[in-house]
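In the two complexes that follow, chain A is the common piece, with chain B as its partner first and chain C second.
Presenting the complex of A and B:
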């Protein structure tokens, strides 16, 4: 993966366990094995959704479980513009949408924040210092290219709403609504005068199809008027005053009895009949104009698909670009989805990055990390072809077939000593099966203490650990090294072959002779993008005893109030990314 | 829609204050011939509620459109969705995997996963569910929804109802997965399902339409009559083969350009798609000369204008390929860029007998759907062809489809018999005579024909019904008069000619429906769904029958108050 090797991902099984509805079970094509028996498969595409780096995880102290971004409930605390850091009240978010309504705009071409700059002619300074434009400091696109200039450097949104591309004034929505009503009225008058002659047809939309928003507004008001016209067809609607809610509801109760319900069939509402009501007939000239334009202007005048997505619908050419108002951001608190306890809550001040509450998994879950162990003669007579020294060992280029040793390092954030049991499938799942052996799968890790203890020499220095194997002997069943709150064990990996599935003649261990160019390896075999990544699923189970009432929130050293100890355990899957197998 | 204001709790016909710019006005009412009266807006929100009670309730809907490659989400009353989320490989990475932001990454061409079909990694779901992990679909959808809710909707924690626009004939496994995500992780109290052709019709301002949805995996032609889906046909000729064909075209062109001996170029899905959306186009009129046979010169005035459009002095277009190795620019004939659409969507050259039932070219598909409709329905649908879907944005495509269908109708009429065998010569002669007669008649009484109502009975079978001179029926005329009193101006009853109508798209239709607070037939309660899943629906299958008497059809009807059960409607 794109994280630098080696890395560790932690699996949150929230989705599987919490939403274990019978339905989900039926639908998922997961093997029918028992959940407990199944090993985690990091090559399954679904794993992408349940694996997280440790830093992204929270921990619910009440449920005593990891909480990933999928199993928390988020609640928005406040809204702000990331560009001007202006806090937007929620009512404004509701009415004005999720964009900044001040001067913050993003470049429609490259999405960089745009700046307001003046086009003032030094020879002929204008009183306002204008005209102004929005320009992109990164790609140098500016609103000048679409013919928009502003009079004032502030209130860009308001000004932009009144200028169409090309600098022509544009009616605001309200004005357009009014205009439409006026024209509708005129048309109706004309119709009633029986002046149906085509002589003074209202000028059809001058160029091209009417804008999306316009049509939508027309349709919306058309439907509303139609619905309103339907209302009197209800039997109780004619002579009764509806102004009083009580009389209304009384009548409703009278008539809403379904058995007595006998209303005349409502006249069907009609469909939109004119452009003013939102009917847009297909116009072949629009199509041909577009093609003509494509032909003459070419590739560079068109919008890429990502740019199109950010623009209002229908934009196809660069000339129809509009600056994009900056999307607001939010500060959100997170709650555990099961017990509703707050897991994290940022300070409400926009500029503050601190948190009031933050229950990180970092503080509750031991951190696993992997490190290359510089190769030492495993057996004296086994020749190691080239001994890469630890400094330049390349995780991106692991040789197949050769056993490599790594140090699995486990550090304990808890203030109690823990007992760890590791488990891993002997061969990794996925297309390249590598053999994995954890030499010491069960060990203890010391309790976390204050960091100063280490420095003050309370504990023996790390190299002098009791069971240290620093003499270079890698022994099964023994930890490699151990410190204050960490322990490292050796893990042996025999990376598999890229071709091992298809061609049987390659014996594991004979990897040295497989010298293949990387290019040919990429083309020849049937490996997909990340299939050559060596990832080991490791099941971690920790057991420890802790004070019953001891809340881990800072007074853990205060000692057990009643001296009662409670046995607890945690278990979770992790995925350790070792590196990329070269071939 | 008629009775959405009838006896139920939330009566208010959307006083949409918050929707940007779409403030309703009381003088909307003046557009109807009724006498002025007190608008019933937010009259009461329950037995003891004050009139203002339901004032804000409009806000509590979220409108989501589900497609096989995109999900659109937004709020009712807005004209365009707040977000359009795609499902590319970059959206499916692990958290903390930032490789897509690596500058080198964008320069590399991505390899298609082995044994995957074209573009499969960009789909939310394929329609063939045999090898699909539905759980993965759920994961993808959940991530998209989470992004939509937190990044684009930015709502307060109040749970919102969801209006879900979905293609009809969705596999139940997918519906269940999608619903589960909406209920579980979006905490929706209820989900209303509406079928997308219907919404496209609403967004076109129509009640009946022939909705041609050219989507990703397939093209679905649905005849909607009075808000009811009456007929449906599909073809696999849609976006997927189109972009694959474009990739093929680009590959051959690149190979021609490349130095001999260089490896074969293999354009990635993104590149092909980018070319297709940016410069792909479609010829607005077919080259074939078959139409000269049946087209009197005056019949195709629009087409003649652009006679020379594609034949202009061979313009070219230069397309950059930064991910090609080495990065290159391809100069391609502009006319070539129209070939994929030509080949995939129309396949003019291939004789019709070669096609399987599920791969008919679009114009034949449309024609056959029209042909299979009852004559009254056909009359409405043929002049309300609504073309929507992702591919339909391609310049020239709509015009071309309409022209092709028109040509087919001209050529064949509405005659289901395709070959008269030995009698065919006579038959053709008959048609030609009819046509000439018709042309003359049209010149005489053009306007009277257009405002005429349904043809009552077809005459001799050889005469195409759509082209017949319509009989003047006294009762019809009277009915028309009656109808006019109620307001519909003549264009409403346009029928009998091929005509295209633009739609704002499915999402906009859903937004309109939600804004008007029209209640859907398929409304699924959270608790009910979580209890029984989709199986809870089957008990009350006949719920869908009752409201067919309403004016909005089986999918969009006015509220019927509390329901005992729920149904899956067209999805059942």
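Presenting the complex of A and C:
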């Protein structure tokens, strides 16, 4: 989802660690090292799939790794209709599909939820208050346009299944299944009759093509019968009976040389041959009728492709629209794909929004944020109150070539002080190369202690640190400011140029200086969408000492002392979206 | 009671602050103040219209026998209504008569600038982007993010934790597990002039910063 500038995305390396490292291992040693050294390229198309905002990331405390939506396993806790908020048991979902079977429908034209309204004539009130229609409050489409009215305001699904477009009664799925069985029986009886020589009634011709569901049901039952006829009774069961010749030969095949024995060709399956088996013959009159209809009604009576997708196949005209039953929602828990530990588990009650378990990356990973730092006067004699005025600065309109200072703010959610090392490529990857310098790439961030410590000034050495450049001077190697559990450092960015600068002149000290071949310069000219977005990949490595977890300590209780510390580190790539280069 | 006090504005400021910490802009248009409740620490910015006069006209039999003033709009704590937004209770026509229904907005709701809201209920920790229209009787559950320029059709129910957008609104995603976590609790982000509130989170800091 697009976020306003400046934003920070965190990269989850699950794809690389799962799919690329075995490849690197298989190759020689050098590429593997290259893989390690490689800087993260946010403009790489694949990066889109590994970058997430921090709120979407979970943290597996056992693997000690970030878990993104791609490397968790989801399990459905329950199904419910988002519109009527009724829980649907999973057995019903399996039998009836993942749509609400109550009164919830979406407009087939605009997808807005539809409401049941009464068409009762006030002058002539009916006892039931009806007739009722489904109508869309957004685009004012209603089932009246397809000639459907309901007798009752409830049980719309049941009523809708019995009414075809135009108000004619229609058989429900069950009735149709029954009907098909009956016709099949009749067909079989007739064939028997024909074999015996009696009964020569012609098969009644059915006018119009059968509905799509009907064809599907016939075809599926036909193929099922074909498969049942083809496969031996129970090929995958364990109690293999040697009496069956097919299973015996299968076992013999397993233990003998497969090359010598020629596999017997499976007998080709028959395709559906009659309408009862699901055969539909192409009817040219349908096509001509469609064309005629297009001629008379015009383009406006046809469906758009998105509308068609939501409809049963074969719907082309607005007259064949049916209201769409609302899709069900799920509540899902998440597990780590590697160690199967639960990472998040919402309460199973639909109305509840609380979580039983929620292991957020927010609580384990420092939060990075970027902010514009207004240029300060060079003369230190006139200390101007350092109130950066972000109102004047537009992140969407960054001037090329001029160095801009930003504050990179890092806050620590951990209860131990951390030591942070930041790394960034000196020029950003991508078509516009901007020069980036983190003025203080290595610093400490205080522990996330009680909020009151900050307010009461319990920890004076932290607030008035010697290294902080509180006098408003931007100086390399010094942090800008720091507080209880946060530290901010200055980052200098020289945005690159949109137009190719390689041919004639070079910008001193800027990213445009980067050597490019003639060919790449030509490539740089045609910028794609979002190529002008200034994104900085920053590698963050944190080190800290923490108490050994209670359960781990329990294992070695004999030798271990209380307050045992262990050294831990985390490392990950982040991408900071600074803004858009104006050019 | 959280109604803006009627005292004369001695210190000229943008906002009138009530005893419970509500900040109501002098340039907001509020009608029917008796029918509006603000939970405290709630901000009503300039050019906001609160239509408290559109209250339920049905006779409510009260148990105490006293005449109870009907509530038209009730807004929870730490909610921010940005400039130019219009909050008007939804109505339904029944037997030729217009009946208004009370509009409820929960805690820590952010309503962006120039929104029109006629929902029946907006739960807590909802973020509504700018220029959004929320149709009559729409119900928005907890932890929902509504993107900018969205039109939520009438009677739509938005389930908890959804991200909706488009015209008409449809669910386009889900908010992450960390939605609204950040500014308070164990994770202190603030300090150093940093933006110390997050969408869907506790808006107390934002309310405090509005002057």
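As a convention for this text, the second predicted complex is superposed on the first by the 424 of 583 C-alpha atoms of A that agree within 3 Å, B and C clash if a C-alpha of one lies under 4 Å from a C-alpha of the other, contacts with A are read in each partner's own complex, and residues count from 1 in each chain.
Methods note: a residue touches a chain if its C-beta (ideal position, glycine included) is under 8 Å from a C-beta of that chain, and two chains touch if they have at least 3 such contacts.
All values reported here derive from a predicted model rather than from experimental measurement.
Contacts of A:96 after superposition: chain B is touched, whereas chain C is not reached. In the overlay built on the shared chain, the residue A:363 is in contact with chain C alone; chain B does not reach it. By the touch criterion defined above, A:56 reaches both chain B and chain C. Looking at the shared chain after the overlay, A:138 reaches chain C, while chain B stays out of its contact range. With both structures placed on the common chain, the touch criterion links A:565 to neither chain B nor chain C.
When the two complexes are overlaid on their common chain A, residue A:341 makes contact with neither chain B nor chain C.
Ranking chain B and chain C by residues of chain A touched puts B first. According to the touch criterion, the shared surface of chain A, contacted by chain B in one complex and chain C in the other, consists of residues 1, 52-53, 55-56. For chain A in complex with chain C, the touching residues are 1, 52-58, 80, 82-85, 110-113, 115, 136-139, 329, 334, 344, 353, 355, 358, 360-363, 367, 369, 371, 387-388, 407, 409, 411, 413, 448, 451, 454, 481-486, 488. The part of chain A that touches chain B in the complex is made up of residues 1-3, 9, 15, 19, 21-24, 27-30, 45-49, 51-53, 55-56, 69-70, 73-76, 79, 90, 93-98, 172-174, 177, 181, 184-185, 188, 191, 209, 212-213, 215-217, 219-234, 241-243, 245, 248-249, 252, 255-256, 265-274, 277-282, 284, 287-288, 290-292, 294-296, 298-299, 302-305, 308-309, 312-313, 316, 327-328, 330, 332, 522, 526-529.
Those residues of chain C that touch chain A in the shared complex are 135, 141-143, 151, 153-163, 168-173, 175-179, 181-182, 186-195, 198.
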